[in-house]
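Lettered A, B, C, D and E in written order, each chain numbered from 1.
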Amino acid sequence: MEIMQVMGRLVCTQRVEGLGHMHLRILRNNKGKQLVAVDPVGAREGNWVFTASGSAARFACPEPSTQTDLTIGGIIDFWTPDG
Amino acid sequence: MEIMQVMGRLVCTQRVEGLGHMHLRILRNNKGKQLVAVDPVGAREGNWVFTASGSAARFACPEPSTQTDLTIGGIIDFWTPDG
Amino acid sequence: MEIMQVMGRLVCTQRVEGLGHMHLRILRNNKGKQLVAVDPVGAREGNWVFTASGSAARFACPEPSTQTDLTIGGIIDFWTPDG
Amino acid sequence: MEIMQVMGRLVCTQRVEGLGHMHLRILRNNKGKQLVAVDPVGAREGNWVFTASGSAARFACPEPSTQTDLTIGGIIDFWTPDG
Amino acid sequence: MEIMQVMGRLVCTQRVEGLGHMHLRILRNNKGKQLVAVDPVGAREGNWVFTASGSAARFACPEPSTQTDLTIGGIIDFWTPDG
């Protein structure tokens, strides 16, 4: 799993049905790249989280058929970023 | 999921049967690399979209056996690219 | 899916059974890296093709149990490479 | 599989149910990037380990539904890092 | 699939059960990075091989439940490395 920081929400009216009403978050990885993840744990802007990718991302959702390849797995209690 | 911009269509007469009649789009990621994605949401040139990869890409299609590893998951209402 | 160019065939006498008699091609990606792909569409040297990776690579073969992680999905009619 | 070194534990009170009570370790890969992995073998700080990613990461856990994309597969008896 | 060269064996007494008694090899990819792969074909040090990753890596083993994400798929008869 990778460690990323929550940057904000993603507003996206028109999307595939398989994402249901899951919340989408914009995360930033350690290279500064912005990614989109499904959030089943209720993370807030600024939180450090770890994410599961691949098929694990789907299984980490309440509904395993959620069409995601990146899902927040937990909020990290304490974290000092690299560098 | 990753955020990319739609560059255009991909013309490809000779292809595997498992892609059916799905539309193929050329996308550009944040590094400028061009990728090919299946488009079930009707994105247009210039749109910012987010994409699902891996097995989620197949499940994001109306037909889950579609032989894709990258599928557009939604059109982003508003987006400011990095940099 | 990614866009690559066919460089040639791969000669490989000793290989796992699960690849059957599928043709193997050497492809070059946009960074110049050489990769090996299964070819179910009959691509020729110099052709621009797009490739499916992951589980989609197996499903893109006539026999879904083919042990590949990269399969040619189609030959592109026209393509201007990056750069 | 990749070779990484164990840096420490990850403290994470709020996480998805599918990780159960599995221990989480912070690993460092050969580029210095820190990653989070599930540890079913009891690795200690400083150990060199190899890791399985993707669906293999789930199967490497006692409970295959564990929602991980990176799992320690073994502790390496002897290893000289690159460089 | 990727092309890599066999560097040697990996000695690893303590490992997950799901790898059984499969031989583990250290491979070097085209960037010089060292990776660990399961070897069902009997490759030797110095051999050029191609590898399957992801779920294909498991299916390329005699036992598909082998907990690997990288498996040697064949020994290349002749190969001129890049550069």
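Just so it is clear, contacts are C-beta pairs under 8 Å (C-beta built on N, C-alpha and C of every residue); 3 or more make two chains touch, one makes a residue touch a chain.
What you are looking at is a predicted structure, and each value in this text was computed from that prediction instead of being measured.
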Other chains in touch with both chain B and chain C: none
Centroid spacing, where centroids are CA-atom means, of chain A and chain B in whole angstrom: 20
Chain A and chain E: spacing of chain centres that average the CA atoms, whole Å: 32
Shared-contact residues (touching 2 or more other chains) in chain E: 53-55, 57
Chains listed in ring sequence, where chain D comes first and chain E follows it: D, E, C, B, A
Touching residues (chain side chain B, partner chain A) in the complex: 1-3, 30, 40-41, 50, 52-57, 59-60, 71-78, 82
Interface residues, chain C side, partner chain E - complex: 10-16, 18-19, 24, 32-37, 53-55, 57-58, 65, 67-70
